[in-house]
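Below you'll find the structures, each written out as structure tokens.
In what comes next, chain A is part of two complexes: it sits with chain B in the first one and with chain C in the second one.
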Partner chain A sequence: MLLLQLVINGLQLGAIYALTAVGFSLIFGATKVFHVAHGAAFTIAAYLFWWTSAVLHMPWPVAALIAVLAAVLFGLFMERFVYRPIQRHEGAFFTVFIAAFGVQIIVQNLVGTIFGRGFVSVTTSLSRSVEVMPGLFVAPIAAISIVVAIIVFTVLTYYLTRTHTGMAMRALSENPDLIRVFGLDPARVAQYAFAIGSAIVVPGAIFTAMTAGLNPAVGAHVMLISLAATIVGGIGSLRGAACGGLLLGLAENLALWRLDPQWSEAVTFVVLFLFIIFRPAGFFGRPHGAK
Partner chain B sequence: MHITRLLAVLAAVCLGAAGAAAQDTIKIGADLPMSGPNAEYGELFGAAANLAAEHANADKMLSKKLVIQFEDSQATPQQGVVAMNKLVNVEKVPYVLSAFTGVSKAIAPVGDKAKVVSVNGGGIGPDLAELGDYFWNVIPLVNLEIRVMAPYLVQERGFKKIALVYVDDPAGEAIQKELKENVPKAGGQMVAELQVPRNAQQFTSIAAKVRESSPDLVFIASFGAQQAQIVKQLRDNGVPQQLASYSAFASPTVTQLPEAKGALFPSQSVDWKAAGMSERVAKDWKAKTNKEPNAYVANYYNAVMVFVKLAQALEKSGQPITGENLLKQRRANGTFDLVGGKMEFLPNGSVSMPIQINEIDGAGGGKLIKAGTMAK
Partner chain C sequence: MWAYIVNLAVLISINAILAVTLNFILGYAGIFSIAHALFFGVGAYTATFVAMKLGADFLLSTAAGMAVGALISLALALPALRVRGEYFVAASLGLQMLAITVFTEWKSVTGGIGGLTNIPPARILGFEVTKPEHFLVLSLTCLVLIILIIRALVRSSFGRSLKAIRDDETAAWAYGKNVAIIKTTAVVLSSALCAVGGSLYAFYLSFINVESFTLDTSVQLMAMVIIGGTATLFGPVVGTILILLLPAGLSYLPYLPPTEIGSIQQIAYGLAMVLLMIYRPGGLWGFQEKPKAKEGGAP
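Showing the complex of A and B:
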């Protein structure tokens, strides 16, 4: 029974990791910007959801909408006022990385100053587990997380493969000139990538506020797992990022079946190292040099 | 040329003003977490220390204004040492407030080498009593807390089977060691000991392991946001058993958490209604924060007041305020009248105090359920 419990817990956590990793992967895949501040979008969305729903007692749909708006605005702000000026002048990868990292720390401190540095969470019956079989506890939020992750991924896949803007987003990193030929503006397409990628982080942020709870440093941890999931899945592959997130969530929980709990997070990085050594292109990424 | 001269004059004036300001103050340091997941503690400890400095300055206890220079330890040993080096070598302070077992152990050799006193009011690892002459504690260490808590839980409350969830950190390991020794001694049994990484945030599967061990009580030995996360996730994932912890549960993050209602934790006995210093601190703390003070407020207030009383004695006898002289004066003073009553340092620089047991009342605080007793 413990094994089944760990699998269910792993799927729930994996769904949250997948949602965050897919947003990061979408932005990186389309723009080649290493958006480390994606974790800051997660923090902003999660705290705004908590503040509007648990403190101001707004209805959840309104709170979720505010969180989406804030995450999208943050993504657009980063693209327009941080990454674009850097890329206009020199565009060095390291400069972009440091700028994003700096923003992540600023956001962490701003959130701590505004909302407090302690632990907060959204209390809801959805996170309360019920015993569905002897020894097996499942919370409604587990099923909701998995279903939402599937819906988001399906809609995103449809958007990227069946719409002009979606296809342009996929083409952006490979050949921006081709996008111009089709009458689209590469800068505008990059903004779409940031807006959508940042919006996708919101469901995971909301589920985390309800289950694990929040502190201002929550985004850094989420970002670390998202990066690992993106590498495991194959950089630039959305399907890979989703599978990578799911795999890491499962690995983190299943580790407890045979190992002591302090190994659970280490297992995540063992999986990452195994991929880096034996399958550096990840699940679905293209090997280096492939055209 | 004129501009260069003007700038030089301005710089000289500014430097002179800064130097004069430095000479008009007595500075001590505080190596506390101001950012990261444990920043809440730094905020609480710092506010209590500032209140003590405010009182000392208002009462003109020292010849100059007392100021506290805060540096961010982030509650990590590495950052704590960086901050300590700055306080000792750049700010040249004779006295530093410290917190967290790991940080305190890391900074102690720096203070010892420079003959700068470090005073801990938040870390609880028993080995903090053995860090040398220049490391003092104004908080009873966890071995004393557990020696009161274990017999209470097992013998008085009948929680025979205890599961422990503890953080992979010197504080967590110290608590595990003490429980392993004291729970069987009291007639109980440790049915699970689950160590979790310091930065772990997901405990749904830990809850499954706890359920599997069928305990009467779950003892949580963590701190900061993580201890609240453990409480919430245990309650959300089918663990209805009694919860207990050490003095870290006095943190507002836990006492205000609905899921933590009914949890038991020890703390040093402080009668906030006692006339004099305790009453004044309680009144001013409530006026400033709109909250009741807790044991941490007493500890960091006391840590600053210990310095003030020692420095006062040194000034009276015309001796400079250095770490070495503070140590000599502490040994000469013996006892101190502080928040919570008389405090006496043991020869190893730690203190022994009565420990009381509290229950989280669900209204944002802890209510006393067993009056203070001395650890055996």
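Showing the complex of A and C:
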């Protein structure tokens, strides 16, 4: 029964991780920007949701809308004012990475200064566990996060395979000129990728605020998870990032069967390391050499 | 005031050791490690362990720290360096997070959150280093030695291979360079030399705990290198001085609550990293040794 409980908790956490990782992977796949400030978008969205709903007592749809707006604006801001100026003079991977890391540091500390460095969470009846079977406790939020994750992936897949801009987004990293032929502006498509990728982080941020709670350093953890899930799933594959996130969530919870909770990050790392050693291309990635 | 200056100078020289060794892999080899604080920690804990069990011989403790640091970095580098740069970033970030857990939980060796206290003063060839001024001489000597070692390495054929790999891995490989071995050697050397900083730190403060070896420290070291200037000999030293003088400078500003100084320091160097990457990717010191800048096309 404990095992089943851990699997359910793992699926819930995995859904949140998958949502985060897919946003990162979408941005990376389309624009080749290693957007480690994705964790900052998560932090901003999660804290704004907490502040508007738990402190200002706004209704949750309003709070969620504000969180989405903030995340999207943050993504667009990063694309317009940080990544684009850097890529204009040199597109080196590390230059972009350092700038993104700098933003992550700024956001983490600003959030700590404004909202406090303590632990906060949004209390809701949704996160209260109900005993569905003897010894098995499930909160409605578990089902909600899994369903939301599935809906988001379905909509996203439809968008990427059936609409013009979606297809352009997939083509962007391969052949920007082709997008021009289609009558679309590559810079505009990159902005869409940042807007959508950042918006996808919001459900995960909200569910984390409702379940595990937040602190300003949550962005670093999100960053590790997004990177790990992207690599485990195969760089450039959205399906892979989603599966990678799910796998990490499950692994983290199943580890509790034998280990103390403080080792959960260690489990993420071990999974990541095993993949790097034995299957660097990930689940769905194409094998590649040294770039 | 004198004691304050000496203390600051010791901390600057120790941090400069860490920044200079990080720059060796980051700047010259293009290997991006977010786990440098981990090797700082390994050096500190190992030196303390040896000092407490076998006596506080500085050379012996430091050598032990270097050996353990080298072994752990080998375990990180061997698998992670066979693949692209993104993987090493992720693997080192993961290892850094793992290390914090190990430092916190392995209580018999690291003392857990409480850390280790009463580390005996360092002894070198029978001479006990107790006065801060003497310690400053010791740490500065180590810094100068390490800068000289790195200077020699960078100018050797090994250093040229490293830079070749950084600039074009495929081309270096095509020229018959064993890319994996060269990169791994660089990481092992950098980590071993970084452990010297850890050993100095432990003996100087005679107290260490996990707080000094967290992700924040790794990030701060990265900021020192980047703000000062990657792939320059003295850039990281300049960066270290700037970042460590910042809190001292901030504390003179009125209306600034002391609890926020750490945050403001981090915001300042985060901002510096972003702005430098946009306007001056070579860092502050970078203009002197920077190769000719790429001519940008029309915007």
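Just so it is clear, the second predicted complex is superposed on the first by the 281 of 291 C-alpha atoms of A that agree within 3 Å, B and C clash if a C-alpha of one lies under 4 Å from a C-alpha of the other, contacts with A are read in each partner's own complex, and residues count from 1 in each chain.
One rule holds for everything that comes next: a residue touches a chain if its C-beta (ideal position, glycine included) is under 8 Å from a C-beta of that chain, and two chains touch if they have at least 3 such contacts.
Just so it is clear, the structure is predicted and the values come from calculations on it, not from any experiment.
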Message: Clash or fit: chain B against chain C, after overlaying the two structures on chain A?
response: clash
Query: Does the superposition put A:G112 against chain B (first), chain C (second), both, or neither?
result: both
Message: Touch test for A:I98: chain B only (first), chain C only (second), both, or neither?
response: second
Message: I'd like to know which partner A:Q191 touches here: chain B for first, chain C for second, both or neither.
response: neither
- prompt: What is the contact status of A:L227 with respect to chain B (first) and chain C (second): first, second, both, or neither?
  reply: second
- request: Look at A:A212 in the shared chain and tell me whether it touches chain B only, chain C only, both, or neither; answer first, second, both or neither.
  value: first
Task: Mind working out whether A:H89 is in touch with chain B, chain C, both or neither, as first, second, both or neither?
output: second
- prompt: When the two structures are overlaid on chain A, which partner does A:I277 contact: first (chain B), second (chain C), both, or neither?
  reply: second
Query: Touching A:F269 in the superposition: chain B (first), chain C (second), both, neither?
result: second
Message: With both complexes superposed on chain A, which partner does A:S145 reach: first (chain B), second (chain C), both or neither?
response: neither
Message: Does any part of chain A touch chain B in one structure and chain C in the other, and if so which residues?
response: 108-109, 112, 221, 260, 262, 265-266
- line: Residue positions on chain C within touch of chain A in the complex are 30, 32, 79-80, 82-87, 89-91, 93-95, 97-98, 101-102, 104-105, 169-170, 173, 179, 215, 219, 222-223, 226, 260, 263-264, 266-267, 269-274, 277-278, 281, 294, 296, 299
- line: Listed in rising order, chain A residues that touch chain B in their complex are 2, 5-6, 9-10, 12-13, 108-109, 112, 116-119, 121, 123, 127-129, 131, 135, 137, 139, 211-213, 215-218, 221, 252-253, 256, 260-262, 264-266
- request: Going by the contact rule at the top, pick out the chain B residues touching chain A in the complex.
  value: 35-37, 39-40, 42-43, 168, 194-197, 199-209, 211-212, 224-225, 228-229, 232-233, 236-238, 251-253, 257-259
Task: Could you pull out which chain A residues touch chain C in their complex?
output: 34, 82, 85-86, 88-90, 92-99, 101-106, 108-110, 112-113, 220-221, 223-224, 227-228, 231, 235, 260, 262-263, 265-266, 268-269, 272-273, 276-277, 280, 288, 290-291
